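Naming follows writing order (A, B, C and D), and every chain is counted from residue 1.
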Amino acid sequence: MMTKNIRREDMSRAAIVHAILLTYTLVALYPIFLVIINAFKSRKGIFSAPMSLPNAETFSLEGFTKVLARSNFELFFFNSFTVTVVTIVIVLLLASMAAWALSEYKFPGNTWLALYLAVGIMVPIRLGSVSILNLIVELGLINTLTALILVYVAQGLPLAIFILTEFMHQIPKDLKEAARCDGVGEFKIFFAVILPLIRPAVATVAVFTMIPIWNDLWFPLILAPGDGKQTITLGIQQFIGQYVTDWNAVLASLSLAIIPILILYLIFSRQLIRGLTSGAVK
Amino acid sequence: MADLKLDQIRKSYGAVDVLHGIDLDVKDGEFVVFVGPSGCGKSTLLRIIAGLEDITGGDLMIGGDVVNTKSPRDRGIAMVFQSYALYPHMTVYKNMAFGLKLANHDKSAIDQRVREAARILQLDQLLDRRPSELSGGQRQRVAIGRAIVRQPKVFLFDEPLSNLDAALRVQTRIEIAKLHQELKSTIVYVTHDQVEAMTLADKIVVMNAGNVEQVGSPMQLYHHPQTRFVAGFIGSPAMNFTTVHIDAVEQGKVTVTVPGGAKAVLPFDVPANDVGKDVELGVRPEHLSLGENGDLSISGEVDVVEKLGDSTYLYLKLANGDRFTVRAPGHSRIKISETVNAAAEAGASHLFDANGKAYAKLECPAEYSADE
Amino acid sequence: MSNKVFAKGLAAALAASVALVPLMASAGELVIESWRNDDIDIWNDQIIPAFNKEYPEIKVTFSPTPPTDYNALINAKFAGGTAGDLITCRPFDASLELYKQGNLAPLDDIAGMDNFSDVAKSAWQTDDGSVTFCLPMASVIHGFIYNKEAFEAAGVEVPKTRAEFYAALDKIKEEGSYIPMAMGTADQWEAATMGFQNIGPNYWKGEEGRKALIDGSQKFTDKPYVDTFAELASWASYLPDGYEAISYPDAQNLFSLGRAAVYPAGSWDISLFNSQAEFEFGAFPPPPAEGSDTCYISDHTDIALGLNAKSPNAAEAKVFLEWMTGSEFASLYSNALPGFFSLSNHKVEITDPVANEFVSWRQKCESTIRNSYQILSRGTPNLENELWNISAQVINGTVTPEEAGKAAESGLAKWYAPHQ
Amino acid sequence: MAHSGPMTDWRKAKLPVFAFLAPATIIYTLFMIYPLIDSIRLSFYTTPSGGEMAFVGFDNYRTILGDPDWSATFWNSFWNNMKFFAVHMLVQNPIGIALAGILSLPQLRFRNTYRTMMIMPTMLSVVIVGFIWQLILSPVWGVGVDILDIFGLKSLFGPWLGKEGSALITLSFISVWQWVGIPLMLIYAALLAIPDDLVDAAIVDGATHFEVFLHIKLPLVLPTVAMVSILTFVGNFNAFDLIYAVKGALAGPNFSTDIMGTLFYRTFFGYQLQLGDPSLGATVASLMFLIILAGVLFYLFAVQRRLARYQL
């Protein structure tokens, strides 16, 4: 009865569509899945039956025990988290301030300044690594998280300013006019009226700032490779370098690095798309 | 051209039923308007006819064929959207030609049809423009033109005037009426504006909460609303309602007490066991006059006065707190907080039971009847 | 997102980061930079505790980085002033350059430096031999490690000559239950180090050939070198399927899982196999040609320890270095790390049988070091890097042995006068 | 840039405008623009071992582009980078567009779940992705063989990462696998911005869903597609991590996976017995800068200007 009114072509089309989507989802997830299941196996299990789930015979946590005992995972994770979160906060604050000034005030060179600040979207900051290293050394910031944060802020600002400027153009004129009529100062207008309004764009800016920072290997390798200052990516790279023949440890460390970021992502993925579709990026 | 038949059309989204079994016959060439408050299911019904939504139950027939599972393009329909939905990257010409191109018509046939439609709608000069370069009214005409060129069996209009300003709305309304006369096509038109419904429709379908309340010509709905909902929805300003008490019933007559204590004898067929119940009395503002000169008389304190020039609307507060609107002549001098009396002929009144269903009116003077 | 939670998280992280910045390594704590990440447990569990028994007040941290990153990282760390106090030294030019840049301190005044022979020190001295800037630790010896069970299964004996070696490999291949030889070319350096430098000395007669290359009297296009490449090329048929994508750890796993019969080894592999392999294994030196009376082995001065010239803990570091010249360290190191053979003159008993086998070749055969390390990797293109690439390609079959010789020679001829 | 109505004159609020702009501009200038310019400056100098920095004009450029060894290496990495980019353009972006198109179909069930899952690899670190695929493609572990075996394609398996002919392509595909999420996300967002009415109108006009995508949706998201392309270009010419994580800085076999990022790293920091050279490194970086600049200018002047952006 129910199916009577469903078009046959629709059914077959839906089947094809879901087949395509499922296939690609499998392609995207299977490698990750494979690493995680094998992290819970003994060395024998990993090599003899790599594609099966761990069972009573092959189940083993030796990889995790080894990783947690011999590396400083919590510290790496904490370093990455600190660098990422502090950078995001600074980028959001400074970028929204600049975006506000660029979109709201008419001043000589407005367009040029906007262009100047946009150059960084297209030019990778890595090309300046040689001088960044010298600069950081001169500032005495080598091997500190501060060095990473400064560079990441500079790297994240251009795109954030660009996205937020576009977004601020959409803020209705009435809102700020009303505030001005009430005699509210320019700073207060920004912090009390404008900042709360850009929330939809925050998730988007945060994700686009976060992905490259969290995953970066280059600057941690150059600026803060020292003990105790490694980010998770560098820590993993070094740890795997040390235990490369020990697949239990390798797979366990990969899993430990993957799982937190995936959980974070699952929590925030809805905000991300909402931010993207709210017109912040076009 | 074709007729359209809806047979027990039901629609649900998951567990939520939005249409509860709609029956409707639309004759070939008829202009049908679906009207109702937002959320009543009228747009969903239109989208079902268009084939943009699946049917959960029942049958939909266009020109005698069941089209339940046919895709929109095989139904012979064309639709005009509220937002116009013009393709922003195409010129006016391409917008109108798009459907024909997809149907693989040859170039010269497409060109002929597009230019013909453009002529009818006075779009000849605008064919190379893009939608962003057009005014609201022009866009509206392009949207209609895009429907015309496809020479559909049924035209579907989804609130096409609601994005226009008041003046343009009246003008376009008249154009649509003329277009219908010219094309003699079957049109299904959705609106929440009862004025559009009254002026355009051959047949109005009043919908409420997924049900059809009443189907009929504009005048039938105006004079013979079968439910309190229809009575309240059709007509502007809206019909007045107040609670009255049924005192007695005799052959073809009912005696009621109106707020304030006055009695009135009205020509309704009310079952004897309804005596003693409270029911709703309805009278249209334009059928009330000041003074006590009528079968039905009711008094109240004037609370707001609106002067429109040719007439003056008085808003009365009745003894039970209900409000009544009275249309008085334009020269009326009555002021706020005066107490006035309004009266109407018994034949102009409507009576609705507790479920909102109209009691049958037994005598109906010609001026209060839709019969021509 | 829950804004409140988000905001709280931000505030906490912000506060934490501010608190973190001033945290720097405390004075008096020695940091050892090393590429020997495999040894981290031995340092932490044996060497450092032994040192602390004598000097409990000096805290020592062993901080290794992956071998492939080590050189770049140590350069960057020196540039940034973040290098540790004690620097593990690569032999020859890499460390010499660090000394010339003023990053390594001269160590001639360390008491106990005379416990090392001149040959041992030569890899970490200025060209004129006047200054020694790293304390020699160990050398590594190349050869082949074999799976005894595999040899029994195929019914082959430990080969004494090149012909016997390949006959044995053929037989193992035919028998089919073991991969004849576990190695891959994905990381490139194994091809050069465990391949070219392992079997080559038998062709170019060890030190004689190495010196001849330096003075220009021999060239890579000469027969010994082309023949070495040719033998290397013949390995392809004994290597596992897909050897082009097999990395060094892959090869180690293949052997330690008991899937392969022979493993071209550096003596440093012994400790890993001791811990992972569940079968008995032995070792034999690169077999010389039939009828040749001398065998040659690569006994490469591989690792030393230097002092960061800018170390704030130089005094403590020197204490550590002096301790390292003693016999306790020599014996501890050689036995804790079977396969790293102390370069000191102390008499050391080696308990590991396989390591003992390796070190016994010093008596039977002539020793030499890798021919690309001294002087010849000073210019661009860099000979060592060239040899990695070329050796891998020879095994992959993408260049012929003759072309390989030409490529190596032409690279050298670009900048090295004796070859121009 | 489009402005919504007239802007406020800055003279009414000099201090706030300055205070709003200064922090971002200063950090950005100090840690981004200055290092870029300084790198270019450095490329005109040389630092002999232990000696003072000396101005050498275009000598470094002459070395890299003129010296047969250097120029062969440089152009090899350039063309490898072009191939890397080509694979992304021809595989990553079409797949991203197609998946975004499918995900934006009306009445699709589990839309959000699919989208979330498909973007997941993009969230992982390149280093991790590199290791994951190295393990899967390793002939020793045999997972790759087993997977192909399911489809009866066992014989197709090869040591792809180790062969000169296939290593770069394989790495490109790994990178595509990871980064498909970016075009997917951006184009999906752009597609969602297209009003439903437009799609309905086209369907009533007789279009199939594929025709709707081809004739209506795709033309409307072309500016986003162009933006994704230039971001791909910049990203690819800036790539380093994946190759470094999988093949090391020597980018074997025989430099077949050497791209500009690895060349830059090797030149600057050195490798094994080879020592690093900051000036030559800066020269490589400056050349990369020029290449990226050329691509971006091409986009700005030749592509973006021709793509009208429609008010939806």
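In the analysis below, a contact is a pair of C-beta atoms (placed from the backbone, for glycine too) under 8 Å apart; a residue touches a chain by one contact, two chains touch by 3 or more.
None of the values given here were measured: they were computed from a predicted structure.
For the pair chain A and chain C, chains touching both partners: D. Pairwise, the chains sharing the most contacting C-beta pairs are A-D.
Once the centre of each chain is set as its mean CA position, chain C and chain D turn out to be 37 Å apart. Averaging C-alpha coordinates per chain places the centre of chain B 90 Å away from that of chain C. Taking each chain's centre as the mean of its C-alpha atoms, chain A lies 16 Å from chain D.
Chain B has its Cα centroid 54 Å from the Cα centroid of chain A.
For chain D, residues touching at least two other chains: there are none.
Touching two or more other chains at once are residues 47, 237, 247 of chain A. Those residues of chain B in touch with two or more other chains are numbered 71.
Contact residues on chain A toward chain D in their complex (touch as defined above): 13, 17-18, 20-21, 24-25, 27-29, 31-32, 34-35, 46-47, 50-51, 94-95, 97-98, 100-107, 110-111, 113-114, 116-117, 119-120, 122-132, 134-135, 150-151, 153-155, 157-158, 161, 165, 169-171, 173, 185-187, 190, 211, 214-218, 232-233, 236-237, 240, 247, 250-251, 254, 257-258, 261-262, 265-266, 269-270, 272-273, 276-277, 279, 281-282. Within the complex formed with chain C, the chain D residues making contact are 49-50, 69, 134, 137-140, 157-164, 247-250, 252-255, 265, 269-276.
Residues 195, 197-198, 200-207, 211, 215-216, 219-220, 308, 310-312 of chain D are the ones that touch chain B when the two sit in their complex. Listing the residues of chain C that touch chain D in their complex gives 68, 71-73, 75-76, 90, 92-94, 97, 100-102, 184-189, 240-247, 250, 253-254, 372-373, 377, 380-385, 388-389, 392-393, 396, 398, 411, 414. Against chain C, in their complex, chain A makes its touches with residues 47, 70, 78, 81-83, 85-86, 89, 133, 136-137, 142-146, 149, 199, 203, 221-223, 225-228, 237-238, 241-245, 247, 267-268, 271.
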